[in-house]
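The structures come next, written out as structure tokens.
Two complexes, one shared chain (chain A), two partners (chain B, chain C).
Moving on, here comes the complex of A and B:
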């Protein structure tokens, strides 16, 4: 195998795929990127057996062939090269010789045929999505994904295709983020799948602000085509909890909040929320919202912001992190906070199909 | 949600397994156990009290809030909330309510019950005051939980000529302790007096509330005869079923039995026989703070049968949940222990964010660990669960009310 490619193109190809390689692999070859040289093209592939990425870049291919090389090391070398053409030749023993001007590296690889095969997607459901919408929806939901390994069905985002809509949901059992997107697909393709966190992180990196993308769903796997890059992943097995039943149907009080003002106030006040309770109180009185926190023997914080509020006086406590997460992710100037009472879930909403359910904290 | 799926996964994992015959032995092991320099020796006549407060949490509530007196008081989560009962007053127990029961069930059984949220700090404070009373009688105190302790009074009665006289001469001390608890703390306790911990515990349980039962050494065998095998601490429902299936319903049945108990309950047979004859040489565990709680099953026949392992896990989870409740504690670490045929032993643990209190949650996490690390890779000789990092069971952050969520304590 022999090819030439510019440093920047090579580096961007390696950076697209190197993230899924875990630092501690059970099989040595999983630390490698498979490089396949075809007519005018290079294909890079990596996998950790749960998630895999493959991408294509243009190159001058002088001799076809394939090999695998340690991806982190290779990317580290390429990053340090000066601008210009990189020539790589791999011999039958999978030893790669890399030349760039007067620079020479020799890297030992492993045979390409020992690399795990990349999953095929035949006989699957295909959905066409807008990259910008998916990117936006991931941003608005993914912070709510559970990191509790013992609740593995929550370790990902639910993609629910139903009634010409894609509903994306993430929850950790304490708060829940949800976005609805309009998507065209036949009713026979309605399906619910849970895409694991690692795949979500890769998808967030891959998606751009323009263009379409494809999503393929098979029995137990999912693939995303973004440009010339394909991301595949196992799906999380199991049933996602019924998220609809935790979304309050009742609204007793709706408060309109200036997002940035509210966010910075909660952040400031949270500086004195105790590590133990880790809560801030929202005290609603007529046309006023006071945000308060205190840590015994340390101090307390209070900040008032004017709001339109005509309901009964109410004090509700939240984990400040849970309150701030959606405020950081949303672009809107104004958000709504819907409340029922101090022991019922609050809901953050905006003008578009998004909602965030947040459970309050008990005040002892 | 996650619960069920994890369970299914673990079940699937255990399902692949098969075995012929098994029986379970449960034993709760408490540690650390530190011998005290004043511990009684075998030459002395032993006198052990087991003092057990009557419906402790509920009684404290009834004492502090006169309007609750004579009414069914249920301490724990509200009946419309997920969670369990920590304690119930005797009035509430008449409705079939007992600790560790889900609050919703309790609400159905006793809709007019007074549900109060536990005031753990108050109970702990009360516990300290009661322990202070005990200290006036002996330094040898094993506090089992907030409302229960063993006292070793052997050194007070060494002039006695025989074991029964030693026990009887300690009776005034037991009456005195009860009276002081009643006048100083306005609470009642039941005390069992015996020559060892096993008999003392049987005694305190014999006449509740406000009981005082002495089991003389000369009568202990007759005393135990009519009692169910389930009264023996460590005989859980599964072991009891095994024993009952073999026709051993009462302790008398075990006394009479010529059956090789080893085939029924494995290595526990000898201890079981000792208990049946009222013998127990365990010394008092004088360490104050409980750091961990654990339970283990040794299988009579090594097994990898899914149903047997599940049953063992469920029983141990229930035991541990009960001990947690008695200690008014939740655990942040759950551990499983597996011993294989060749005696190699593996432990695995998981740390959780919210303190675990419920049996179902301990079971779920244990299954998770077994499945995650594929621990049932062959027949097991022993299976155990332990919980540690004990903290207050209070969780301020509420959880979304997904159906099937059983995790909230």
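Moving on, here comes the complex of A and C:
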């Protein structure tokens, strides 16, 4: 195998795929990237057997072939090279000779045929999505993914295709983020899948602010085509809990809040929320919201912000982290906080189809 | 009622055909009763691959004791659980196998209970154990036990035979006094040292071969991990082998007890003659004390931070020359 390619293209190819390799693995070849040289193209592939990425870049290929090389080491070398063309030649013993001007490297690799095969997607459901929408939806939901491994069905985002809509949901049982997207697909393609967290993180990295992407769903796996990059992942086993039943259907009070003002106020006040209770109180009185917290024997914090509020006086407490997370992720200037009473979940909403349910904490 | 391995396999396959395969099985039986074979054949038949390739099938996930103290650690279980939580790569059943499940640490076992009780859909857990009595009640109650019948007569391994020879030599040439006891302890220690050296050498060869193959091709971090894993695995192997030697001693005294109760000696036939001789010299109570001395010694050796030669000497003196 012999090819030459510019340093930047090679590096960006390697950076696209190198995140997937896991450091702890029983199969050493999984720490390598498979490089295949075809007609005018290079294909890079990595996998940890759960999630895999493959991408294609243009290159001047002089001799076809394939090999695998340690990806972290290779990327480390390429990063340090000066701008210019990189020539790589791999012999039959999988030893790669790398030349760039007066610089010369030799790296030992492993045979490409030992690399696990990349799954094929035939006979599957295909959906066309807008990258910007998906990226935005991931940002608005992924912080709510559960990290509790005993509730493994929550260790990912639910992609629910139903009624010409894609609903993406993440929850950890205490808060829930949800985004609805308009997508066109035949009714026969309605399906629910749970995409695991690692794949979500990669997808967030891969998606851009423009262009379309494809999502393929087979019985056990999911694939995303973003540009010339394909991300493949196993799906999480099991059924997602019925999230609809935790979304309150009535609204008694709607408060409009300036997002940044509210966020910084909650952040300031949370500095004195005690580790034990870890809550901030929102005290609503006529046209005023007071945010308060206290830690016994340490001190207390209070901050008032003017709001339009005409309902009954109400005190409701939330975990400040859970309250701040959506405020950080949303781009809007104004957010709505929908409340029922002290003991019912609050809902953060914006103008577009998004909602965030947050369970209140008991006020003593 | 215990089953022969092939009978157990056909029963399990029948259950699979009727879609009644349980989510967790505990396969028990003495060494050599075919637990491993049964497990591999079951996975192979259901997944459709040759038994020797079963462990490398993408839908078969297995763990075995590998820490220095030959324990199954909580991290290993977490890894296994993580793999089982994903849908199978071939779309069918998937298996989680735990070899030597009695080495589960209580902490790890407790963390595993939830998965064991209700594994993800299409997932079957197979726990293998020679000593199910050492498992937590909570584990036992969550599994369907498949007791396998031990093979009619199992040939002793080379080091086990050496241990039996030490017993024979002791009764033939030594007196059951302090000197005799110390002599025996020394012999056993020499045997253990030899076994250890043998295991280390084999493991070192295996490590070198693997290291050579991957030396220049992978991240150095991985190589370090490989070395650690190898060291731990070697230690685990040694402790397993040591247990087997101690079992030979235990078998001898069990035979003595059997003879006292007018049962034929059946655990260690090559020492039966001496067992009969010892039996005539001891009362039932004394014989029981000897067995207990061995049990106690095994307990001591199982603890961490115990000086091995000291524990061995102490145990042997109590069992053979009190």
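Here is the rule we go by: the second predicted complex is superposed on the first by the 363 of 364 C-alpha atoms of A that agree within 3 Å, B and C clash if a C-alpha of one lies under 4 Å from a C-alpha of the other, contacts with A are read in each partner's own complex, and residues count from 1 in each chain.
As a working rule, a residue touches a chain if its C-beta (ideal position, glycine included) is under 8 Å from a C-beta of that chain, and two chains touch if they have at least 3 such contacts.
The shown structure was predicted, so the numbers you read here are calculated from the model rather than taken from an experiment.
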Overlaying the two complexes on chain A, which is it for chain B and chain C: clash or fit?
-> clash
Looking at the overlay, does A:305 come into contact with chain B only (first), chain C only (second), both, or neither?
-> neither
Regarding the shared-chain residue A:238, is it in contact with chain B (first), chain C (second), both, or neither?
-> both
Just chain B (first), just chain C (second), both, or neither: which does A:56 touch?
-> neither
First, second, both or neither for A:9, with chain B first and chain C second | neither
Once the structures are superposed on A, label A:154 by its partner contacts, choosing first (chain B), second (chain C), both or neither.
-> first
Kindly classify A:171 by the partners it touches after superposition: chain B alone (first), chain C alone (second), both, or neither?
-> first
For A:283, decide between first (touching chain B), second (touching chain C), both and neither.
-> neither
Between chain B (first) and chain C (second), which, if any, makes contact with A:124: first, second, both or neither?
-> neither
Thinking only about the overlay and not a real complex, which stretch of chain C clashes with chain B: 99-107, 153-161, 243-251 or 297-305?
-> 99-107
Which residues of chain A are in contact with chain B in one complex and with chain C in the other?
-> 149-150, 152, 237-238
Of chain A, residues touching chain C in the complex = 23-25, 28, 31-32, 49-50, 70, 72-73, 94, 107-110, 119, 149-150, 152, 155, 196, 219-221, 234-238
Can you name the residues of chain B that touch chain A in the complex?
-> 1-6, 8-9, 350, 352-353, 364-365, 368, 372, 394-405, 407
Within their complex, chain A touches chain B through residues 148-154, 171, 173-176, 237-243, 245-246, 277-279, 317, 319, 343, 345, 357, 359-364
Which chain C residues qualify as touching chain A in the complex?
-> 58, 78, 81-91, 114, 120-123, 214-219, 221-222, 225-226
